[in-house]
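In the part that follows, the structures are each spelled out as structure tokens.
The same chain A turns up in both complexes below, where it pairs with chain B and then with chain C.
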Partner chain A sequence: MIATHDAKGTRMAAARVGIGGPVGSGKTALVERLIPSLLARGIDLAVITNDLVTAEDAERIRRSGLIDPARVSAVEAGACPHTVIREDPSLNIEAADDLERRFPGVELILIESGGDNLASTFSRDLTDFWMFVIDVGGGDDIPRKRGPGVVRCDLLVINKTDLAPHVGVELAPMLAQALDVRDGRPVLLTNCRKGEGIDAVVSALERDVLFRA
Partner chain B sequence: MFDAEAALALLQYGDSAYPAGGFAFSWGVEGLAADGLLASRQDLDDIAWEHLTLRWNSMDRPLLGRAFRAADVSGVTAVDRYAETATPSAAMREGSRRAGRALLGVSVRLGGPLSTLYRASVSQAPLLGHLVAVQAVVYRDAGLDLASAELVSGWTLVNGLVSAAVRLGVIGHVEAQRSLGLCRAVLADLLAEPVPAGASPSSFTPLVDIAISRSRPVRMFTT
Partner chain C sequence: MLRLHGIVGHRDDPEVQSRLHHVEHHGGIEFLFVPPHEAGRKRFRLATDKGTDCAVSLERDEVLTDGALLFLAHGRAVIARFGEQAVWRLRPRDASAALGLGWHAGNLHWRVRFEGDVLVVLLDGPTDEYRARIAHLLAANLLEEITDV
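Right after this comes the complex of A and B.
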């Protein structure tokens, strides 16, 4: 476990990590892979989902058996998936505060955005760090479109790498373009279906968010 | 005499973009549309009128006044508990608390002293935090008088109803402005008649209550 109190004994707030990206890019699948990996590394965890419709993703995670269902909260987006994480993140902030109150030892809260397009970004008032998930099935020109989500996130994840040969995508040029539009800031490749690349994402969170070596 | 500072404060707090979670609450518009009871601007106008006259003016407004005039936190808490017990629909109660807590959270982060004090009570009591009680606290922190607080409370309600209808595709943006114009007239008429301090709160909006309370497989709004 990492320290949950500072030198003066004041409890530190949990780190809040946003996970955004287009519909179907694999955000929930990534969360489902991250949960056991983070728990295995001793990280006290909770999850918030922002479902476009009802609480589908929250229910999927609650029923997965990967995490105590009480540690999964759902926030409805009112048909505004951008707004709930950017212009008005107040409902997500309240949900995160509530999780911290109910689970005082929680160190990391994953906040999964509702499926959206390439323009969504997370408010810095809501998250300490945010990832953006795209997938090769959306086409290898996604990075080149320079959407704010792709360009401004702290970590870009390109998922479904296993599909590349089936959809005519060459991974190396796609990765190079992603790095180019992001001025070299981090890009990681994953195949959430098989768990490939997940360790690298977890290591990035440990290093850049939780400041663990 | 036109008071620009006061008018600008009303514009800020009554803005649909004010970051207090209002966009996620349709207060029955989504359910009524799903049930086929809200399919036109006329339907929306009727629902907005019902909300304003049969709930907001007779229930929320007297409670807002009580909480606004409360001498201390316990007075606000009493109003908050009243709102909890006087709201039969569980979904409506939950929605009201979530909306209230979001509004309170923003005010606390902006440094509102009363809000900070009230937040301490709310964080210890899961059934506190109803929107109407919180509005009183937050708008006092904002320096509004009671009349202005009532105006903002009523306006944010109708703004939310109409905005939800637009996002659900029930009406377009021009029709939305016509609806808001009508709501403005209704609200102005209601505000012209002050609510006595001892007014007994009541409401009768069965269609809205049922629409919010029904369990639905597909839902985009909190209420």
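Right after this comes the complex of A and C.
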């Protein structure tokens, strides 16, 4: 376990990491791959999912057997989920606070939310770091469109790399364009179906959010 | 990596000032220059002007301010400094222009403040990228760009 208390013995709040992106890009699949990888590295974890009017994603993760179902909370936005991760994140803040109260040792809370297509962003009041997930099936022109989610996130994840040859996408130029629109800030490639690239995402979280390295 | 948690004071605190004075004589003050649009973060990793890799976390109710003292011990101090937030001030010509500008600013998720009849856009990137989004309003002289404030 990493230190969760400072030198004076004060407990440090859990890091809060947002995972956003268009519907179908693989956000929940990424969470399902991250959970075992993070747990294997000894990270005490909880998850919040945001859905429109259901708890579909939360139920999927609770049933996965990957994590104690009590550590998975659902926020039902009642509107496009971007409203509760940016404009008024109070529902998510309360859900995260509640998880920290119920699991005092929790070090990392993943907050998944779709919504608002390429313009979705997370409030700094809610998250310490946020990832944006796109996929090659959406087209290799997605980075060039310079959506705020693509440009402003702390880490851009391009998922479903295995589909590239089937949808006429060349990964190398897509990656180069993503790095270009982000002025060289991090971009990682994943294939969540097979777990490829997940270790790099976990390492980025360990370095930039959990300060392990 | 220097792990820092919480704000321990402010460079203007009288008690801190006397200690900083001593540290300054030994060349022990390091500045952590935080970009204004990143100031809301509660957790970040950034190098000081002397190259020290700092991993900073704050309590959820703590707000990082210019001059916040993050570390002071052993003849060494780390102080947060902000650059000035870049802004773009726009005065709509009339109510109709104001409605149009407000609609676009909201739809584009710009960070804004209101100063009377002026909309102040807090810039996270080059002004030209913002200007391009409302070029039609500017071309129609519906907005006055205020540069002398």
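In this text, the second predicted complex is superposed on the first by the 210 of 213 C-alpha atoms of A that agree within 3 Å, B and C clash if a C-alpha of one lies under 4 Å from a C-alpha of the other, contacts with A are read in each partner's own complex, and residues count from 1 in each chain.
Following the convention adopted for this analysis, a residue touches a chain if its C-beta (ideal position, glycine included) is under 8 Å from a C-beta of that chain, and two chains touch if they have at least 3 such contacts.
Worth saying up front: this structure is predicted, and the values here are computed from it rather than measured.
Considered on the superposed chain A, chain B and chain C are sterically compatible, since they fit side by side. Residue contacts after overlaying the shared chain place A:Arg101 against chain B, while chain C stays out of touching range. In the superposition on chain A, A:Ile61 makes contact with neither chain B nor chain C.
When the two structures are aligned on the shared chain, A:Gly78 is found in touch with chain B, with no touch to chain C.
In the superposed pair of complexes, A:Val202 makes contact with neither chain B nor chain C. Looking at the shared chain after the overlay, A:Ala29 reaches neither chain B nor chain C. Residue contacts after overlaying the shared chain place A:Arg152 against chain C, while chain B stays out of touching range. Smallest inter-chain Cα distance, chain B versus chain C, after superposition on the shared chain: 6 Å. Comparing the two interfaces of chain A, the one with chain B and the one with chain C have residues 125 in common. Interface residues of chain C, counted against chain A in their complex, comprise 1, 3, 5-6, 40-45, 55, 57, 59-60, 109, 124.
Across the interface of their complex, chain C is touched by residues 3, 6-7, 10, 12-13, 15, 86, 119, 121, 124-125, 128-129, 148, 152, 207-209, 211, 213 of chain A.
Those residues of chain B that touch chain A in the complex are listed here as 17-26, 98, 101-103, 105-106, 109, 123, 164, 167-168, 216-222.
Chain A makes touch with chain B in their complex at residues 52-54, 75-80, 83-84, 87-91, 93-94, 97, 101, 125.
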